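I have a structure here, written as structure tokens, and I will follow up with some questions on it.
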Amino acid sequence: MEQTAQSKSRYGMVIDLDRCTGCGVCMVACAVENNVAPAEQKATERTGVTWLRVYPVSNGEGFPANDSVFIPMTCQQCGNHTPCVSVCPQNAVEVDPSTGIVGQIPQRCLGCRYCMTACPYHARYFDWWDPQWPEGTEALLNPDVAPRMRGVAEKCNFCHGRLHAARTKAAAAGRKEIAAGDYVPACVESCPSRAIVFGDLADETNEVSRLSRSINTFQFLPKLGTAPKIFYHSAKEWVRKMADRAPLA
Amino acid sequence: MQFNHAVHTGEQNGMTCDMCHEFTENGSFKGIPTIAKCTECHSAAIGSTESEKVLVEQFVTPHKEIPWKVYSRQPDNAYFPHAAHVKRAEIKCEECHGPHGSSNTLPVYQVNRISGYSRDIWGRNISGLPSHPWEGMKMDRCVRCHAERHRDDSCLDCHK
Amino acid sequence: MQNATETTAVLIAISEREKRPMNITRRELLTFAGGSILGALFTPIPWKLLDDSAIWTQNWSLIPRLPRGPETFTFTGCTLCPGGCAVKARRVNGHPVSLVGVAGHSLSNGILCPMGIAGHHLAYHPLRLRRPFAFTGKGADSPLVPSTLDEIASNLAPMLKDIRSSSSKGTIAVLDQRPGRVLSDLYRKFVSNFPGGIYAVAPGSEDPTLTTLRALCNTTEGTLGYDLENTRVILSFGAPLVDGWSTPGRTVKLLQNRNQNGLKLIQVEGVQSRTALQADTWLPIMPGTEAALALAIGGVIVRQNLFPAKIEKTSPDFHTYKTLVSKFEPEDVAAVCGIPSSVISETAHALASNPSVVMSGYDPAGGPLDSATETVIAGLNVLLGNIGRTGGISLHPPIPSPGATTSPAVGLAQVPDHSVRLLLIDGAESGHTYPLSLLKRKLTADGGTVVMLSPYLSSRSALADYLVPSPAAFESLEEISTPPGARRSSFALSLPLLKQPDTTVDPATLLAKLAGASGLPSVGAETVESCLRQRAHDIWLSKRGTLATPTGSSQTPVMAMASEEELWKGLSEGGWWVDNMQDKQVNPRLTLLGLMTPDRYDKASAPALDTTGTLKLIPFGWRNATMTASVAPVLSKLFQESHLRSLGGRVHINPSTLAANALSDGAYVKISTHSGNMTAQAVADPSVIPGVIHAIVGPSPNNTASKDRPEAEGILGLCAVRDDGSWRITEATIAKA
Amino acid sequence: MDRQFIPRSLQRSSFTRFAAWILPWILLLGLGLYAMYLCLAEGLNQTNMDNRFAFGLWIYLDLTVIALGAGAFFTGFLLYILRREELKAVINSAVVLGLICYSGAVAVLMVDVGQPLRAWFTFWHPNTHSMLTEVTFCLTCYLTVLAIEYVPVVLKNRKLRQIPRFLVFEFELHKVMPVFAGIGTFLSFFHQGSLGGLYGVLVGRPFAFREVLGIWPSTFYLFILSAAAVGPSFVLLTTWLVQKLSGKQLVKPEVLRFLGKVSGWMLIVYVLLKTVDTLYWINHTAPAEGAPAYTFYTSPGFGTWILFAEIILLGLLPAIMLLSKRLRERPAVLVSAAFLACCGIVMNRFVMTIQTLALPTLPFDQMMSYVPSWQEIATFLAIVAYGVVLYSLSFRYMTLFPQERDIRQ
């Protein structure tokens, strides 16, 4: 689309971990929005498909000193040396230059799963089964997102169907740019405690880029140098320490 | 059910494409019109042609939708916003759909048994070499046109 | 097309040879084969096939086709629980494709819970009942036999007639899981036609503290509600305020804005629940000692004169209370319930020096605390003078209705045991569950007869003799009446988004059938819609309140409305009505202990912190997610495909307790109580207090397959139900399975 | 009939005996093919791989057999390019081994991918930055080369020689063989390397990631070296095995010794560079990625013993055994050294593929475990069976060891 070809956005998120209650509505909203099928009978937490997954993490103390935090982990939309892009043998993964969104094209994917081994955030999921919707729910699918077939990788793309809708709306109104309010991912929209702030990081003036630079805001695995565009915020020191720690350290 | 585009777009009626193939308010394209659209003019037979008689008797009066075949149906994974192309980029319908607006009859609808695509998507020639500039609606066609207009595109611009 | 020519050439060559005696050598054949293969490569055919086969994998029939069609939006309300959140449904081709909360809605604040956001999938649950059924025998393993509504009615006719003539062999009862609806009035009207007919409300369908308070104020009129918007301190004994309490949008938003509204939440709970995590203070208490804590707090308030002076005069049993609390010194209580005495008195001061509310938590599976405890918790509100004061507890008028509801509502616990011969269970869900034994004990010795309205086959179905499929969420026109604990009365419509299958039965229709069978004047002649129109009519007559547009953009006082139709139209477009009438005056003569006698409270009897011998088995549930059938299949994202929510049947136990019983994380353990035993998987969880078996009651994906028999009751089957109807704590032992 | 195909002056067991030997393997192959069918028809849910263990037994197998198959290109390289004529004695066998390993690997890959019908996209829309693209291109090309190298071996068959045209073709082919050997070597260098690069480039996996030298990570070069090092050892080992199984001496002892020596030299170089690489990785690469190397070895199963075993026990030790002339003279030592060397690469590939995925990357994450399903194992065994069958047939009906004739049995 012309209106994005000219504007260079960098969409990202800031997630306030202190606000997240771990209710899980974001995960369900995500699945409904993006036509992710319910679990196959035998699916487990290691073979399921959850574009957005909330991990409960404990501080490891005993009762009652124990404390927990919920960490929503999605595709971090890496902006630098995006690990999954360079490895894909047939260009099924790419970073959209005009939005910074890391796109995955299931129709191009051959299902080699190299990208999944490359992703340090485990934000990519493989369709181990053919998607199965309970009889009748096919009619309830979101027409803006193509369902994926068995044997391909899939992941969060910031509800790209909603970006399409916003662009169509803008184009119909003869506008170049989309209205910021027209493009909000399902998880952000559905979060009861408004823990997720979404927007264009490139726009210095807006809230998300301000928060991304605020104190007590951090990223996961920043040392890998992949410049993830999902930021996290917590006033709790142990949470920030935990995020900074090496695994098994 | 036969349909004669020429009669509608010809001199005596002089209708344009978007009179029947409309947009909705949110910018999405309605595609082939519903029977309601036909009824606006054909609530009762205007002319005396056989096919109009069929239209009025079998569809308009009982308010039954006509089972049109969609010759340029793209698969579910493709996203093509008519608004952006027709309204913003001001591309003529004919550039992609060809001059069927002036055709007198509907061509035979042919479908590829393996891919399930309408033949118009691949184009008439099995070699994939178009015999007309507007023939074929596969991805390479989109890519070529976009390249000519120097658009730095990403897959997700047109895939969903 | 070269290959065509080439092959034909070869063919001609062969055909020419036909004339001569046949003598093709092997080599010629090989050349022919090789030639044609080579030739084929120079035609588009193989390449086109390659392309087509790839395209086939992109669109094959193993993935569904997307719906295409016009996009529309409908405003409606969620009826999965009494919370009644406003919903904006996006529809394609008339089918709902997504639900979101309605921003600007003053009651639900644009928030939906995980169950609500997938609510439109529930109608297609694999466990959906698609026709009436009869059980040939009782119990989970008895097979389902298809039946019809008429068959059921005719089977019941003799019994109904018999009950009408005399209640000697037991009477009829209706169990309403969501009181306060027009349908509830229909039920009451129906049972009033039978001698001793009972209209009972299911556990969890009302706020336990408010129910207890009603007894303390001994008033029947008006509705009690929390004025949380003006409260500064909430002392919650395990109420899941951020995880499914009343209308989630209300409390979640209040707690979000704590830095503006200065609200403080003190959570008293034996597990660090999601609410405890969000609380300003978490008091990790040994379950079963809540009464001791409440009395200790009361003691501090009394001793230090932190209570309004008038209470001493207005409350008849003040001095009984005073002597009682004097026995609960913070120091002693601290030892029992594991909360430092300093914290106890700090809490007392916090409550007394701010507009405060004290509430108890009705756990969706654990049920209420025992009545004695509930009483002293509710009593704290009386002592603090919270009743009828801003930021406390209000008494407001109910939704206008013709009144004259003939038979009174009783809690299920108050129904005398073995008195019910025919039980009719309503299909609406309170989102809470309870042990089947709680119902069983009410039925006559012969087991009675149970007719159960339900959209799904659930663990509860095991109790039924007849299963009648009721409409699922968003399938029929329903109402959203005042949520429990709400500040004011409210009313809205839940408009259907899905076509109701012809096989489902409208509760009103069932009543009509049963009435017919028992030879009654048609009680249920009304449909639900006609009753709702009647209620709208009553509201319009009362001239009370205002009607807000779905998005809350504008509000019209009912007074200003030209006609009754205008109100109905507004409601049918998703608008919601909120009352604006003055609160009622509260009867000043409030008791602190009600009917409870001081000897019910003995801190010595309060259980000690034992972690080895007998443990405390406490069922724990998440509202609306207490059964496999009650959540949409896509909720598997939370239960099965991630570890965010624990699966039903798991038991969370503190690592130290596990170790003390020589068990390890993930081990399968045998849990034994007086009611029996079962095997469950143990999860080492440091957020659970030692000495407690925190048993999860919820969906378990393995059960979704069994469409022909109800899923097992599980942990609730092990719980001991007390006479006061509570089953929160059961003594249990664990051992390696 | 069977007799007519067996090369003149070669003793081969009776057909029934041969059948008895081959049959079990064919059955195993059948089972494997069924498992493959299941995976293609039902989908990869038939395996025990998951989103965390996205690569499993099969990728590990591919990397290993291709490394072992390196004997083909390296022997070819020594024979045709460096003109070590004594290797004529084993080149045919080496080529067959190579063909088996490579074709087997490609077959498994076709089952391993979720959408085999789209595999050709890699040629149509290649991502030139991807190591896997490099692997795919080189593998397919080199497989063709191997096939061509295999043709003369087949054409030399007694029965086929009777067709004059074949004889001429075979003769012509023989003249250009060095060219193919050259191409083969060139291709092999690349795909052996890019298989190493496959993991070396994983910036998100501090355990596998290595610094880039030139345009490839260090593992690229290490894989080439290690493959070249054990290739000859594997040829040595199989030759010895065939000798034992057939009860015949097939090559002169010095040929095996020479193979051992070559292997030894390559191995010592490899061990040296591998040590340097490991030290640099421990002290620089891993810490820079925020993962101190010690954390990789904290969990029970995967202690530091792995490093020791891989580099000293299965690297340095066999190298020394093969390099010392005195030890090399003793067949037992020679063979066991070759065996150790092969084990070394088997282990190295295991560490690269399996341990990399078992290790967590997120701070709050835990160690992962994975046990292959029977379908995965059956597929794996099918490749082994296929190898045995193809090799047995070649050994019976073709001249894999020219010296067999001359050696007095």
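As written, the chain order gives the labels A, B, C and D, with residue 1 at the start of each chain.
One rule holds for everything that comes next: a contact is a pair of C-beta atoms (placed from the backbone, for glycine too) under 8 Å apart; a residue touches a chain by one contact, two chains touch by 3 or more.
The shown structure was predicted, so the numbers you read here are calculated from the model rather than taken from an experiment.
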Which pair, A-B or C-D, has more C-beta contacts? A-B
Approximate Å spacing (C-alpha centroids) for the pair chain A, chain B: 36
How many Å are there between the centre of chain C and the centre of chain D, using C-alpha atoms for each centre? 60
Per the C-alpha centroid definition, the whole-Å distance linking chain A and chain D comes out as 40
Averaged-CA centre spacing for the pair chain D and chain B, given as whole angstrom: 56
Counting only residues that touch at least two other chains, what does the list for chain D look like? 115, 118, 121
At which residue positions does chain A touch at least two other chains? 44, 47-48, 55, 107-108, 130, 146-147, 149-150
Scan chain B for residues touching two or more other chains and write them down. 26, 28, 75-77
Which label fits the chain touch graph of this model best, line, ring, star, complete or other? other
Which chains touch, pair by pair? A-B, A-C, A-D, B-C, C-D
Sort out for me which residues of chain C touch chain D in the complex. 50, 53-54, 56-57
Considering the complex alone, what residue numbers of chain C touch chain A? 57-58, 60, 62-68, 92-93, 95-98, 100-101, 111-114, 117-118, 120-121, 123-126, 242-243, 248-249, 252, 256, 272, 274, 277-278, 282, 284, 632-638, 640-645, 654-656, 686-690, 701-702, 704-705
Chain A residues within the chain B interface of the complex: 1-5, 94-99, 101, 103, 105-108, 144-147, 157, 160-161, 164-165, 167-174
Can you name the residues of chain A that touch chain D in the complex? 40, 42, 44, 46-48, 55, 57, 71, 73, 81, 83, 86-92, 108-114, 116-122, 124-130, 149-152, 220-226, 242-249
Residue ranges of chain B touching chain A (in the complex, touch as defined): 23, 26-28, 75-77, 79, 81, 83-84, 87-89, 151-157, 159-160
